[in-house]
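Listed after this line are the structures, all set down as structure tokens.
Consider the two complexes below, in which chain A is the common component and chain B and chain C are the respective partners.
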Partner chain A sequence: MVEGQAETGIGPAIVTPRRGGAPAHGRSAVARARRLFHYLPLLPSLFAFLVLLGYPVLLAVVISFQRMGLRELVQRTTVWIGFQNYASILADPTFWAVAIRTLAFTAFNVALTMILGTLVALLLGALGRWMRLALSISLILAWATPALTASVIFQWLFDSKFGVVNWALTSVGIFGDYTNHSWFATGLSTFAVISLLIAWQAIPFVAFSLRAGILSVPSEQYEAARVDGATDRAIFRRITVPSLLPLFMILTFLSAIWDFKVFTQIWTVRQGGPAGETVTLAIYAYLKGIAGAQYGLASAVAVVMVVLLALVLIPYIRTMLRTQEDL
Partner chain B sequence: MKPRRLRRIVVNAIGLATIIAFVFPVYWMASTAFKQPGDIQTYVPKFVPFPPTLDNFTTAVTRPYFPDYLRNSLVISISTVVLALVVGLLAAMAVARARFRGRRSFLLLVVVAQMAPFEALLIPMYLVLRQANLLNQIPALILTYFIFTLPFTIWALRGFIAGIPVDLEEAAMVDGANRFQAFWHVVLPLLAPGLVATSIFAFITAWNEFLYAYVLMRDTANFTLPVWLATFRTAFGTDWGGTMAASTLFTLPVLVFFLLIQNRMVGGVTAGAVKG
Partner chain C sequence: MKLKQTLAVGLAAVLGIAACSAPAASQAPATSAAQSAAPTTATSTAPEARTLTVWLMNGSAGDDLIKQLNDEFTAAHPGVTVKYEVQQWNGIVSRLNGALAAPEPPDVVETGNTQTANYAAAGALMDLTDKRADLGGGTSADGTSADEAWLGGLNDSSIWDGKLYAVPFYAGNRIVIYNKDQFSAAGIDPASITSKAALIDAAKKLQAKNKSVADYSGLYIPGQNWYALMSFIEDHGGHIAVNEGGTWKGTLEAPEAQAGIQDYVDYFKAGSTGPADNDEANPEQATVMAAGKAGMMIANLWELGYTESKDAAIKGKLAVFAIPSSTSGKKAPVFLGGSNLGIAAGSKNQDLAVDWVKLLTGEKYQKLMIAAGNVPNSKNLAATATSENANLAVAAGAAAAGSFVTPQDPRWASVESGANPLKDMLTKVLTGKASIADAAKAADDEIGTRMNVAQ
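Then we have the complex of A and B:
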């Protein structure tokens, strides 16, 4: 979905549109009809948003208050149980372990992506022309690789017997002997591989966006600072960093949203294993809902997920509104 | 002079290491795909696939149902693109060119829809499609991917349209063209690059999607390529050559398309977000 490759780059192309367009100021019936005419092209989209998106969201909330399993689904019966689904997930120690694990996993991945992404953006600026071109191409390769392919490749790289990573670590020598080392034996080590995989794919977008941001800081500001005798370090701290702050915030929010709900990579690598140690909320909802056919319970998990995401989404949208005068 | 040269060397060394880190996984996929079967599972890895072979690709392509998966993926991705483009263009045109009450709310709705956590909406989507008797049907995935890609399509096209000076249309209309003619003869040709970029994005999204394809389709003949690829390991056991060949085939169109549009994808978030 947009995640997989949406993850690859949902930089919404933003070009500030001209103010103006076609104002309809008249108060006559014709003008009113013309104004209504503006809404006509919006109808298909509105219909799609309401039916294909709004209805499922509403349904998730409604079902989260029902007991809904295969039996209820086949017999088409409705059993209202109030907050019982919420009570039972909140009383489930597994749910809490999963929720905390998901937050920790998200925080770690966002930090890793943002720190390395910033360093790569600075590296792009420091390199010469040809090296910069080569680095850009290699970043695009990683960015374009579908999440699914990347998950398959990383399993091969980290294969215990013939994986090239184990061979390389063993050859270097200082890390000890990694022959036949299994990366997927513990939850933490499996997460390490998954985080590396997510960062590998997410860094290019962050790096390119920050690089573009750095380049679009007006050069007069730098020139003025230089005339006033500012050092490179002062220029970076006083001009580059503050100018990039809103962009940095947006990228952090986007990464948090994407990493929080990631499914494909975790599922493809070990289906939440070993022994459920890499189950995150997205996997948990899938296991409860689709695999376990407990639709009511899974909907409650989905609602909890959306509420947690909203905590990140609301500041994101506020930042968007501040930086987009057109919205 | 000397510390500067040292700095150059250090920066270039870091650059080289970074390049290798980002290229190597992709290279390893392609190189494994072209290796002789005996050269893949070796304790000391062989870095160059020589002499190369196409055997792994033959294995991948001759798996049962492969033509079905390919056809499903193409039908679904192309239908998604067409649907999203037609519906999205209408909305984008209105939002970019006209000022009306509710315009801001509509744009806000698009931003929120763009951020919708589809992974969390899996269960209700599944139930809705089940209710509509669309489970295990190709149109279910087309509709799902259409709503995934619509917000971005509107958002991106709105930006591209706004970049085309409105004077051009006005001039055409002064010369006697009606609104539709002005759009067809003036805006559309200028919008072509934007339309291409947006449709490639929608295509890639639909082509790559895994979770919904995995959950909504039951019959093997209705699977898409990502589902095929994800089940490869169980089907192929430890045949990494076949797996990597399949991955290469699946990734190649995405890479080509992506290279065509990548500089348009980058400009995105940044445009409004740098304080000038």
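Then we have the complex of A and C:
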């Protein structure tokens, strides 16, 4: 029933004045106040966001244009040096090596997480009730483990002398003798362990999200496809993927951001070692800033990180938005 | 909507203005001259409750010693509580950088002698030049010379730009700690180990005799003990870095330094089961020794008492001898380590801090430090200490035969923090990933980068 229409039910309605006496259009102060009122509940979280996130980010940008070492920090002096920090970073060949390494590491982790996450989501659908419960519980436990704890545990698992992994691989026999094999001797091997660790903790989120997405697809589509004799693969490609495409894209986007700025796992495992081979941009910023007390330089690295990530993701966001429009 | 836009722009402007002025907004810590020691609380009517925060490093002073000291201090200063915290060496530079710059820094901090210049140059420590005599540093015209009081090396590391910024706490250098029982079982006489060849020989003999013990090392040496590496490098006449007209240059590529690195490799390959990619704290070599899984280890003298505290079974079974040189009959030069006690420039309790430091660096407690195996901070006490403590005499003898310190520059601290290029170099060589020459070159480049940062 249209607002303002009298409840007579005979013929065209007689328009009665709106309840409350306010005019129909929102130009009055009351309507505007009402609209602003809707934003009130946002204020606490907005305040927290601005203070805890917005202000430090702004401060980081400001510091990136200063020379700030321990002396400037202790004595509270401000030394403006313009773009010098950025110039020294971009001229440093180590920085470019680290940047490329970070992008490659991110791409690999995102692919690993998304592929395995999708498989686990499909698995959740295919399992019986008790197995599904057991799998869900183990996924949640993996997800809930603090990153630091998980990193320490993985170090023990992959320890060269006392680790379970080496013992298991040697016992199985087909992989050869892994006694005393050092997993952290090369950068690539160390990254492999770190990627496993990150994926292990990232899969639950992706799996549960995709499972929720799959459940929202109307089952009639699946039934109709099966009646038509479609294979599982075809069902996945023709029904699941198109319906879930926006969800896929969002999860990939989020994974990319999270994996790009990973710090805890990499630092805990080998502090960017061996010999700096697992240094990513986040570790690089820490080494320059906190360890090396060059806070201005590190802030500039942080700003460049954001710019780099934005450059990589903007085309992706455009594609994502375009896909949504098409749908 | 216009209102929203205005709000957003206004908010951004306010934040921006606040951000730009924040670093300079608060006052710089007042010069220490203006904060010279205030009268003690003896003259106040009611003692106000104050807390003195003290940070000492792991392994420096025993818990009993500190407890006794704190009891004495709080008895003399009613109303004061001492908040005592033990810090780990790993990551301490980053930790102190942040802590000393905070509005309420720890009042008393222990800084390694290689790191004191870093904080002094940044203005994070209180200027103690006019208190030198009061603190036991002797008197001198310019306030900078040791003047028969403090040990030369420690005294020099406490001075920056002609002013005194810390009080020497204790010194120490490395020796070889060995297991007497295992030595006699293998028939080795410690007095015969006077060369590198003899040391390797002893390690192999111990290894053969203790084959049944799992994970046993004749000489336990982990892959990243860069202090021991420095001894071997200096033994051949090499150095870590030299200052050429204001620019620091790493000198690990020199043939003398490479010979030292080769010595390290030889010792490691003599059968050590230590990790190639970690240092003497991971796992703690004292634990390995206490479990009887090592015949010898290169360590500080305080680690002897520390090892005994780990396992009662090892008590009384440990003794020491000096690290031998690669040249037969000589001792290897040792890194003169030690710590100083600094008072934060931003501390609100500088008067209490001075009293506390004076107590710990005074004769009574320095004698207790000697008993724990540390070289005390004053020359007089050091001389008497060696006559009372046989182990200390060995350590002091090694230091007297030849000692050195790390490059005296505030920026050296950044070489030791974060990823240490010397440790990386050792691991690369020991795991076979790079030749000694290549690994040394990479380390030299990194040291040069860090030590030539504009100040």
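Some points to look at:
Keep this in mind: the second predicted complex is superposed on the first by the 241 of 327 C-alpha atoms of A that agree within 3 Å, B and C clash if a C-alpha of one lies under 4 Å from a C-alpha of the other, contacts with A are read in each partner's own complex, and residues count from 1 in each chain.
The rule is short, and it goes like this: contacts are C-beta pairs under 8 Å (C-beta built on N, C-alpha and C of every residue); 3 or more make two chains touch, one makes a residue touch a chain.
Keep in mind it's a predicted model, so treat the numbers as computed, not measured.
In the superposed pair of complexes, A:117 makes contact with neither chain B nor chain C.
In the superposition on chain A, A:139 contacts chain B only, with no contact to chain C.
Contact with chain B, but none with chain C, is seen for A:53 once the two complexes are overlaid on the shared chain. Once the two complexes are overlaid on the shared chain, A:264 sits against chain B while remaining clear of chain C. Of the two partner chains, chain B is the only one that A:212 touches; chain C does not reach it. Contacts of A:200 after superposition on the shared chain: chain B is touched, whereas chain C is not. By the document's definition of touching, both partners, chain B and chain C, reach A:290.
More residues of chain A lie in contact with B than with the other chain of the pair chain B and chain C. Chain A residues 55, 59, 63, 73, 161, 286, 290 lie at the interface with chain B in one structure and with chain C in the other. Residue ranges of chain B in contact with chain A, taken from their complex: 11-12, 14-16, 18-19, 21-23, 25-26, 28-29, 32, 40-45, 87-88, 90-91, 93-100, 102, 104, 106-109, 111-128, 130, 143-150, 152, 154-156, 158-163, 165-166, 194, 197, 201, 204-205, 207-212, 215, 226, 229-230, 232-233, 240, 243-244, 247, 250-251, 254-255, 258-259, 262, 264-276.
Residues 1-6, 8-18, 20-24, 35, 38-39, 41-42, 44-46, 48-49, 52-53, 55-57, 59-60, 63, 73, 120, 123, 126-128, 131, 134-135, 138-150, 152-157, 159, 161-162, 164, 167, 200, 203-205, 208-209, 212-213, 216-218, 242-247, 250-251, 254, 257, 260-264, 267-268, 281-282, 285-286, 289-290, 295, 298-299, 302, 305-306, 309, 313, 316-317, 320, 323-327 of chain A touch chain B in their complex. Listing the residues of chain C that touch chain A in their complex gives 3, 11, 15-16, 18-20, 22-29, 93-94, 97-98, 100-101, 118-119, 121-124, 215, 275-277, 345-346, 414, 417-419, 424-425, 427-428, 431, 433, 442, 450, 453-455. Chain A meets chain C in the complex at residues 36, 50, 54-55, 58-59, 62-63, 66-78, 160-161, 182, 184-186, 270-276, 279, 286-287, 290-294.
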